[in-house]
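What follows is a pair of complexes built around subunit A, which joins subunit B in one and subunit C in the other.
After this line comes the complex of A and B, so read on.
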């Protein structure tokens, strides 16, 4: 900056003026503000950064270097990542196998539900309690439904028996757990997806829909031709939110798939037990595994951060 | 499913229009009219549906295919399951038996809970976690929101960083904090070591572990509180800031007297959601140890319930603990939903 000031001649006077104003504008308060912002950014990033550098350290480097310092060339290894990927990659596949369908279905169902309870013209005094019943579903602690859920899937529905023709094709019958997970996540995703779409549909222009209705368009047609094409941005929000939730959830996978040695074990289930052995905890392996398992949600967050923020804020 | 429902609906209304197959079913009888259907008069189903439309609004019947099937699915999995859970909690269901015996219902499991010191500890811990985590997270989130709302540069970058932990799974963040709290090499002990304190066994000390976990959860969710508060701050008209400045109030005073009181709505909704997150902290605690038994001193109802049911196979007892947890959740969200309903926010 000083360099530029020195070179300032007549024509550059305005530049100097602007610079000075900028420097003067930067009051003590502003400096404090940015220091605070950076400190907080550090607070949120340090655990993640420390995990990242630890994941590429050798055993000795972990003991000898500071937990937040990079390993240096001697202490660098990708061996833990290799081990973690080997252990987790089948879990990644399994997670995708239920997270993707469950996300898509729950978004579609949420959109339909919200549409049926928002746009069509019927009495608010009946709609509102229905909405309240649905929305309350967001807040229940899942522990309150776990034992019945286990009963329902293992004693009542018994997918393992009904799908015997699938297992005959050579698919391990543990994969019944994946189907159970899809349906379970869709059912418990309906409340939040409905709420998200509902807030969006409330603000849609009524005129267009009303005139279409007056022209005799059925509700189905209104949905297909007007509401669905306008729902794009909200679908992005809901898909991202639901995908993150479903991918990250451990409780249902624990209850429905149960063991990490199962061929259908999702990635979170394997990760929870990774790097724990009789000799103690292998932190480098745990960190590498944590990052690998978080890759899909991290990618979604980095590319669609705004939609994610909108989803959680609703 | 939707298509099937529509076809069913059409098939029914067609068959009812057809004289030969028109039969007064239960619904029509309860309608109180004598069926005398001729080709010109509407069939019973149509009359029933127009009666429903008159009662509920013109689009009621036509809109049911959209919301009724998902509503029923959700009601079965949420409310049906809770009622079922309540029933199971009244039985003696345990071990490897396939199904509970519903013939002999009593409150034994609740009496057992009250006599179980482990349950009392877990309930107290849940309560502490709920309050301390929510208050701390709201406070940090509010500070972040005010900082970010000061018209700063790189606002998006800062916001993205603050919200980043929220996109991670509890399973993942538990690994990070296990390392942060490591006795010999953890960053937390390194930092307090600079001030000549410690090292502290954060996860091994019964008196501290719960607070260490609250801190880690606060790290993960304060970004969420920030986002909610930021939306609240943006909704406050700029005149309020200007008026306060004209009155000569300092920045601190302006926020305390003028701005923060207007964030009541944001605070309430963020607090409710955070409490729900806190009750779900099971995933975090499970992943910390890779098993059903959380560190001593950090057992909460959510972990105890799953442990009793799935590790000890005390299904009925687990269900009873779940009902207590549900009642706790209800005492938080019940008033909130009434509040939102009264303000017409639903």
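After this line comes the complex of A and C, so read on.
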């Protein structure tokens, strides 16, 4: 959404003039503030910088230089990145295969649920308990559901058998694990998505919705033409949050897919074992792998950044 | 376009164990094409009444009918009613054109090009043709106001409902829109219910005004009738700025005795009172004449307390000489701007008997209203 305002106050007239004014108006306190901010930024950036430089060092360079120091021309190599990408790229595809649908579905269901729980004038005595039940889902820790979850997928709903026609087409039946992950993450994501959307919808102008109703729009049309188009910023928040959450989750993947040798192994599962062996840790490889695996979440932040900021502010 | 009928409409809100009667048995019959202004202090139930007509609020008891059809259980979207909200309630993600076509798209099966044509026509009517492709956030308050109006007008509904539509505008624009809105309503001839707390809007815009207090209907008549022949003390007090002067008086032998003055009344006036002796005496500030010398029993010596010059007129706060120092017996009078009165002057206030109002002190009901020359009726119908 672009809400650029037409400026009538003459600001932004000359950049240099403004810069001069800014510098002239600087007090000692301002200087102190900026120094403190710079130090804090450095403090937060050092681990990332260390990780990055480590990932491009040779084995000897890692032993000989400080963690945050650059490798120097002799100790520089991209070989670790190459190895990491080779090892992880198949997991990356598998991760996207469940993270994207799970994120989109949980956001969509959350938005619809929240709409139903806020906008229509249904009785509070119906809405409140329903909302309480949904919200309580947020507070159930992953660990608490691991056993019932395995029970559910291994005994009650045996996808490997139900979907036998898919495997007949030549898809490895390990991919049942991916479908299980999608459904599990959607179920687990709905409460938080609903809560986030509900807060957002509560703040929508009531008169605007009423106006749409009087204009002849049904509940469904109000959602479609008014509420959904206005949900952009909150969708950005939910998509980023859910995607990061699902992408980084190791616990459910361990339980539902379990082995990194499986053709359906997600990236986190492969990453967990990357660069560890009997001979010790390959720090450079682990760092390169970690950065590579984090790229999609970074991309999502950059892609939805503007809307994310708007949604968080709302 | 159709008549709108309210029959003992009541709205009760439950607040814990308390019952709040927001609207209490209001009946009114609004003619086809009439401009009705609903007015009252905040919390009097006027917005609730409007929302019940719109179908945004359920009706606890009573019926609302439109063109002889009871619409109590008809959903908002099927009522063919358009509403203009105080906040304008424009759809921020749509352009002005989309805002205006939305209602037609949702409520009719008209083809797109016809809808666009109607939107363009309405845009021209309101002078917003050049704004059609802008977003609401790029418009000023007055422009948004026009779009909100346009959105209602383009649908050509049975009834317009307006909930304080001008209250977010600055004073000058408000006065301008007031006239324009009246002209538009006159041209379109759509039955309109207009809610406001602003008595200027009530007096100037409505064919008839409905005055509510505490959810109860106080009076429904033309603005001038409400002003000059109020049904009760509340109406008399609510309309008019500065408001009517009130004094508690008791009738004894054809004389009204108050704390600060005594006022003899003639037999005709006394006959209106029907034997009630505990009364409230009312006189509008503009009916008080300031003179130099007391001539008869309706002239009172007063001391000028405060003068508020307004330019075209002065508001003068007077104190009865007979009861100097008692604050609650201040008499407010308005005089034209050229009359020179200064503080602490002694002046004579003449209260003409044909201009006085008398109310029953217990019920507030008007027993005697000022007499009107018949030509007022003629001027008003003009």
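FYI, the second predicted complex is superposed on the first by the 260 of 314 C-alpha atoms of A that agree within 3 Å, B and C clash if a C-alpha of one lies under 4 Å from a C-alpha of the other, contacts with A are read in each partner's own complex, and residues count from 1 in each chain.
Here is the rule we use: a residue touches a chain if its C-beta (ideal position, glycine included) is under 8 Å from a C-beta of that chain, and two chains touch if they have at least 3 such contacts.
Every value quoted in this text rests on a predicted model; they were computed, and no experiment measured them.
By the touch criterion defined above, A:170 lies against neither subunit B nor subunit C after alignment on the C-alpha atoms of chain A.
With both structures placed on the common chain, the touch criterion links A:221 to subunit C but leaves subunit B unconnected.
Of the two partner chains, subunit B is the only one touched by A:41; subunit C is not. Using the contact criterion defined above for the overlaid structures, shared-chain residue A:151 touches subunit B, although it does not reach subunit C. In the superposition on chain A, contact of A:210 is made with subunit C only, not with subunit B.
Ranked by how many residues of subunit A each touches, subunit B and subunit C are led by B. By the touch criterion defined above, A:229 lies against subunit C but remains apart from subunit B after alignment on the C-alpha atoms of chain A. Shared interface residues of subunit A, touching subunit B in one complex and subunit C in the other, are 218. The part of subunit A that touches subunit B in the complex is made up of residues 29, 33-34, 36-37, 40-41, 43-48, 50-51, 54, 62-63, 66-68, 109-110, 112-113, 115-117, 120-123, 126, 128, 130-152, 155, 184, 186-188, 190-191, 194, 218-220, 223, 244, 247-251, 254-255, 258, 268, 271-273, 276, 281, 283, 286-287, 289-291, 293-294, 297-298, 300-301, 305, 308-309, 312-313.
The touching residues of subunit C, counted against subunit A in their complex, run 54-56, 75-79, 81-83, 85-87, 89-93, 102-103, 106-108, 135, 137-138, 151, 155.
Interface residues of subunit A, counted against subunit C in their complex, comprise 1, 3, 5-6, 205, 207-208, 210-218, 221, 225-226, 229-230. If you check the complex, the residues on subunit B that touch subunit A are 2, 6, 53, 56-60, 62-68, 70-71, 73-82, 84-85, 88, 98-100, 144, 147-148, 150, 152, 156, 158-180, 182, 185-187, 190, 219, 223-224, 227-228, 231, 251, 272, 276, 279-280, 282-283, 286-287, 290, 301-302, 305-306, 309-310, 315, 318-319, 321-323, 325-326, 329, 332-333, 337, 341, 346.
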